[in-house]
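In the two complexes below, subunit A is the common chain; its partner is subunit B in one and subunit C in the other.
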Partner chain A sequence: MPKLIIDDISVAVPEGTKVIEAAEQVGIHIPRFCYHPALGSVGACRVCAVKFLQGPFKGVQMSCMIEAADGMVVSTTDPEAVDFRRHVIEWLMINHPHDCPVCDEGGHCLLQDMTVSGGHGMRRYQGKKRTYLDQDLGPLVQHEMNRCIQCYRCSRFYQEYAGYRDLGVMGIASRVYYGRFGPGTLKSPFSGNLIDICPTGVYTDRPSRYKGRRWDYERTPSVCIHCCLGCRITVNVRYREVVRIEARYSPTVNGHFICDRGRYGFFYASSDRRPRKARSGGAETRPKNARDEAAHRLEEITARHGSGSVAVVGGSRSTLETLAAERRICRQLGWQGPSLFTGTEESAAARRAAGHLTTDLAVSLEALKNADLILVAGADPINEAPMAALAIRQAARNGAHIEVIDPRPVTLPLEYVHRPAGTDKISEILRGLGKPSTEDASGDIQDLAARLDQSRRPVVVCGAGKIASERTVEQAARLARNLRRAGKKAGLFFVMTGANTFAACRMAGDPADLETLLLMIEDGKVRALVVVEADPMSEYPDLARLVDALAKLDLMVVLDCIDTETARAAHVFFPTQTFFETGGTLINNEARIQQARPAFAGGTPISQTGGGSHPPRVFRDDIPGTEALSAGQLLMDIVSALSGGISRSVEEFDGVAPEFSGFDPVEATGERGTWAKLPLRTAAGPDSPQMGGETPIKKGELLLVESVYGTEALSRSSPWLQELESEPALTLHPEDASRWGLQHGDRCELSTEAGALTVPVHTSRSTAPGTLVLPRHRRLRWQVFQHFRSGLDTVRIRKTGGEGA
Partner chain B sequence: MIPEPTLSHLKDRIAAADHPRELVVDVMFALQEHYGYLSDEAVETTGALLGMSPLQVEELATFYTFLYREPVGRYVIHLCDSVICWLDGAESLRDHLCRKLKIEMGRTTPDGLFTLLPVCCIGYCDRSPAMLVNRKVYGPLTPEKVDELLEKLKQESE
Partner chain C sequence: MADEIKPESYEKRLEQEPQENAWDAVRALGQGFWTTFRHLFRRPITEQYPEERRQLPERSRARIVLTRDPDGDERCVACYLCSAVCPVSCISMQSAERSDGRRYAEWFRINFGRCIYCGLCEEACPTSAIQLTPEFDHCRRDILSLVFEKEDLLVDHTGKDKDYNFYRYAGVATRPEEKGTHIKESPPVDVKSNLP
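Take a look at the complex of A and B:
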């Protein structure tokens, strides 16, 4: 550990630490533009100059380029260094416009801060400034090249860190230009990070353009709920409107970055289509009336048919608090559920995964970056958990071997080996690899087995839900455990289906899934449904069956913060608060428990109540649009109105999940405290023997999959992300395509007994033969296939467009 | 469209290279040879040949002085814009050239004959001030010698 002295403070740092980082450890923030902890040093901007007084280097040097060494004495305040930095800033400001008041970066601009703190308050340069034409980079990122100070952060992030190739640096000398080959939407699903890392206003957030300065915003640390990873975010709210999401640094979860789904998926929270009023029989009503009505009708139904005739359906976008309330109610009132999963297989796979994820095996995104071999099995990181792809890329950049076993045409921004295997083959391959001796491994996986054998920090990334089966999950866990037994620092990283799937595994009741519950509705056992923050009508793969079943119900009560088809079909509907308003606890895919505080009090945005002008000048003692309560609270209110109901606070976990009681709330800012992992007891685990075999695939199978935009329940209503969606298509292997006389670019009709849809055909050699891949896209009526994985014996394919159609 | 022989020759060379990307400048020059300048299409073709995105090709294309991303005149004059030539009057020579051709640096004469561009030291400091015309070096230059040369080139082109 080299020891050095910086501004009279001595500090010991690990080998390889740069002086700029060493200074940070003793609280000295050396100015920087090009240096970024995630991107490393390049020495491009010269603003981090400090003076080396003693040691191997002498004089003014760049603190980001020099590694701390024993005996160094460094001054950041030496007049020579201060003067050097002042000149660098003046020089960078030569071409920079002097119009901060009209720049959206103003107020959180590193260049502003450095210019002022560097002592450059007066412009001396009188010449012409270099100017550029800007490019249209799409709906998310605004481009203003005149503000560039050539730090190279953007191109380094975009190409080196994230692995996308359509933005970079062109030109030379005073013509250096950062942008695309031609105007057009950025292709990377991580493009929004440009906004956070550019130290000036070249890239700014387009949807929130001119909505306010940073100091105008209510800024709250929170957690992203658009996939299972739970990246940390900062929520920006102004005038009761969520206007912007920024990445929030977390050393263990997401690092410095987030994906664009997480950054731009929040539109639902302040949308003018958000339901704000309770409804009964389709007509708006007062919350109390709706509550009385729901309670009254529930009471009637239970009186007539018994308490088991009511069921709760929930989902993985609810907080732990809401899920616990659902569980408590079902337990104490004898209701069915809560059914928190869509299908039986999905629920089995997810719960088995949760049961296997012991503290020693679970790895964070950060640990994933340090793996030396990553085996992705039955998961499609970019589409299911985007930041996982970015972490896998960092591992690859550090030399890790990456191998993907999946039937889908998985694309990752890195070099990897893809084995397109059918869903039923994945577990077999994993089992082959998991055998104690690699000699047993069959020929084509021997190479991978040998690599695993040599690896020291292998991680198995495994899907656990709609595509990867329970058996795959089981084999992935066994493989990871065997590798650990073989003395490796092996890890297991599950890609779950929702933000709080882990908690759902813990809180699901009986039946755990809607598929099983439907049987109970169909045979008349269940007569009333309370649907909490879930939308079966756009999530269940067999819509016709679902609609028939729902029609048999005497009552459907829906609680949700978005306007869904299910909500519209409800007899009684209650608007709920979003996660931004409730805060709450989420458990991410590595069983990390994360809590967020409410970001704001909710209510209809002033931009809507005022219709774009001043808010209405009416005095009232409440905030308009705040009838909504948290779903958990609402549930408690409804049942407490039942005779024999329960009245408890939603924050109480005793009785339903004692491991969470006495659980100490911590703000979403730190890493300490309860930002820990808890061993969770779930129904399925290593010791639960009963497990279904692989569903045999008949004549191939059709997979209904997730895509980065257009499938996730909340973000799919974002108009900015909708602009980025590509037309959902059927993807299959070219040889399969020719079986049906199809070619890339044709259109085809897929039909089952339940209905038909028409989509473009894409062919890809990296799709497993026999597998058809279709996104569960909001623009498709895909709920005709009955299962997320369905045998092709029930599907008809017919060419409807293209050559020879 | 690039003629098939050129294209297949390039493809062969790329196939034989250990790291195809190291040929990117050669490919760009070959295509520039064909189009007279490095057109957008040439940038895209280069990318397709080498497995690079057009942007990645553009990053390099716009870095090199002798790759022209816009159409240029028949004679491309690169006037040395570095320290030894400055000492020997390159700046007044530049003014002279601009006056004579009635264009600014970086432009092409309306008749399409001359393009005037600066270049960093071309290694002929012993003949400063120096310039290149279609890659051929001239120097040490005086306004008279420049006039003579321009006249000669004009006549040649007729």
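Take a look at the complex of A and C:
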């Protein structure tokens, strides 16, 4: 531990710490542009100069380039260093344009701050300023190269940290240019981070371009709900509208960055299509009337058919509070559910995953970066949980070996070995690897087994839900446990299906999934459905069957914050508040409990009430569009209008799920940013009984998968992400394609008994033979299959057009 | 110690009060009348305000306007500096991108019911758009009509600053072909050249 003195304060820091970091530990913020904790030092900007008075270095040096050493005496306020930094600022400003008033970075610009604090108020240089031509970088990032101060942060992030090659640095001397070789949309799903890391306004946020200034925004720490990872974000709200999402530093979850789905997926919250009024029988009504009607009809149905004839359907985008309310209502009133999953297999896999996650095995995203071998099984990180891919890349950069076992043509921005294996093969391979002795491993996985044997910190990243089956989850957990028994610091990281899937696993009732519930509806056992923040009609793979079943219902009550097909089909509909308005607790895939506070009170955005022009010139004592309540609250309101009654507190977890009793999310999450973890089992119990083998796929199977944009329930309505969507296509192995006479670029028709859809065909050699991959994309009417993994014997494939045709 | 001294000095002061006699009173009264009498023969200096309106100095601070640049375009770029600096928060606006890429105020509102005419907004304005004018008599009976929208504020002249056009200096171009054409700008760099 080197010990040094910075500005008369003595500090001891770990070996290898840069002086700039050591200063930060004692509360001294040395100015910097190029240095970034996640990207490291390059010494490009020269603004972190300090004076070394004693020790191995002498004189003015860059504090980001020098490691702290014993006996160093550093002064940040030495006149020589201050003068040096003042000059650096002045020459960085020589070519910087005079455009702060029209620059979106103004107000949170590092260069602006440094210029002011460096005392550079008057321009002395009278020469001409250098200019650059800008590029169109797509719908998310605005480029203005004139403002550049050549700190290299963008290219270092984009190429080194994120692993994409299409943005970089070119040119020489004073013509250094950061951009693409030619204008075009950035390929990386992490491109939004350029906006956060650029110390000035070269990259600014395009969707929120010219929307306002940072100082006018209501900024609230929150949690992202667009995948299971629960990255921490800052929500910027102005005039009742979410304007921008920024990454918020989290030492354990997402580090400094977030993905573009999380950054630009929020537009559902202030969409003009968002339902704001309660509806009954298709007509708008007052919330009280709707509530009374729902309660009255529910009462009638329970009186006639018993309490078991009402079921609650929920989803994993609800907060823990809402899920708890659902569970409590079902418990106390004897209703069915809550059914929080779509398919039986999905529910089983997710719940098994949640059961297998023990405190010693669960790893955070940050810990994933420190792994030395990562085995990705039945998961597609970029498409399912993008930040996981970024974490895996950091592990790869640190020398980890990455192996992917998945039927899909997984692409990761790093070097990895892909073993295309059918879904039934994944668990077989994992089982082979999980055997205590590697000699048992069969030939083709021998090398992987050997690598696992040599590894010290292996992590198994496994899907848990629609694609990876319960059996795969079981084998992945077993493998991780065996590795841990072998004395390794092994970890287990499940990629789950939704933001709050982990909580849903604990809160799901009986039946836990919609598929089972459908049977009960078809039998006539369930007569009324209360759907809370879920959209079965666009999530369930067999739409025809679902529609038939829903038609049998006497009553369907839907509570949601977005305009969905299910909401339009409801008998009684209630608008709910979004996560931004309610706040709430989410449990991420590693059982980390994270709580977000409400970002704003809700209401129709001023841009909508003013119709684009100035806000209305009328005084009123309420906020328009605030009829919505949180789903949990609304559910309690409806239920308390029933004559039976129920205690109204939503926050109470006692009796709902034993592990939550006495659990206070506010206390658990704390204010300081140290997030609690859900109490998990400390040690694994005995291995669960061996499950029967999976039904082998003879003719292959069709997988309905997630893609980074266009499949997730909330972000798919974002107009900016819609521009980035690639056309959804059926991907299959070229040899399989030739079975149906298909080629890359052809169009084909997929038909089942329930319907048909036409999609373009993509062939990829990294798809597992016998596997067809189709995204559950919003642009496809894909809901014609029976399951998320359906056997090819139920699907007919016909070529309808091609390049040759 | 202080409270011991206080009553003493107070009494002392009472003792020192000059004893006024009747003569002093008469003299003071006479002086007052004399002043009044003298003014009877001077020219009146009162201005009959609504009938007579004096030209106030150009820089006196009253009603706020939004001016235009010498080319006739709106000067305001909706940078929010005036609303940020306003001590009574009477300015609000929404910035937006115009079809030609220029930043402008979609709406701009000043609540003159709140404005204290301090002139900080004018001082903060980087484009000379917001200016205070000598026109002070714009009170209304209806408080809501004191809320001025952009169309009420926008004037078709340059105001006090006759020549300044922000975009000629800004270094930010709304159209790509404008790059490098502003005052003191070099033409755009050719990044694909490797000449020194």
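Convention: the second predicted complex is superposed on the first by the 769 of 805 C-alpha atoms of A that agree within 3 Å, B and C clash if a C-alpha of one lies under 4 Å from a C-alpha of the other, contacts with A are read in each partner's own complex, and residues count from 1 in each chain.
Criterion: contacts are C-beta pairs under 8 Å (C-beta built on N, C-alpha and C of every residue); 3 or more make two chains touch, one makes a residue touch a chain.
These numbers were taken from a predicted model, which means no experiment stands behind them.
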Practice task
In the overlay, answer first, second, both or neither for which of subunit B and subunit C A:Pro615 touches.
Solution key: second
Problem - Partner chain in contact with A:Leu167 - subunit B first, subunit C second, else both or neither - result: first
Exercise for the section: Examine A:Asp563 and indicate which partner it touches, taking first as subunit B and second as subunit C; both and neither are also allowed. Expected result: neither
Handout entry: subunit B versus subunit C, judged by how many residues of subunit A each one touches
Key = C
Practice task
Considering only touches as defined above, state whether A:Glu218 meets subunit B (first), subunit C (second), both or neither.
Solution key: neither
Practice task
State whether A:Arg180 touches subunit B only (first), subunit C only (second), both chains, or neither.
Solution key: first
Fill in the blank from the handout: Residue overlap on subunit A between the subunit B interface and the subunit C interface 170-172, 175, 177
Problem - Of subunit A, residues touching subunit B in the complex - result: 159, 165-172, 175, 177, 180-181
Exercise for the section: Note which residues of subunit A are touching subunit C in the complex, please. Expected result: 96-103, 106-107, 126-134, 144, 146, 170-175, 177, 209-213, 215-216, 239, 606-607, 610, 612-615, 617, 619
Handout entry: subunit A partner contacts - residues on subunit C that touch it in the complex
Key = 77-81, 83-84, 94-97, 103, 106-109, 126-127, 144, 147, 149-150, 166, 169-172, 176, 179-180, 184-194, 196
Completion exercise
Listed in rising order, the residues of subunit B that touch subunit A in the complex are 43, 52-56, 58-59, 62-63
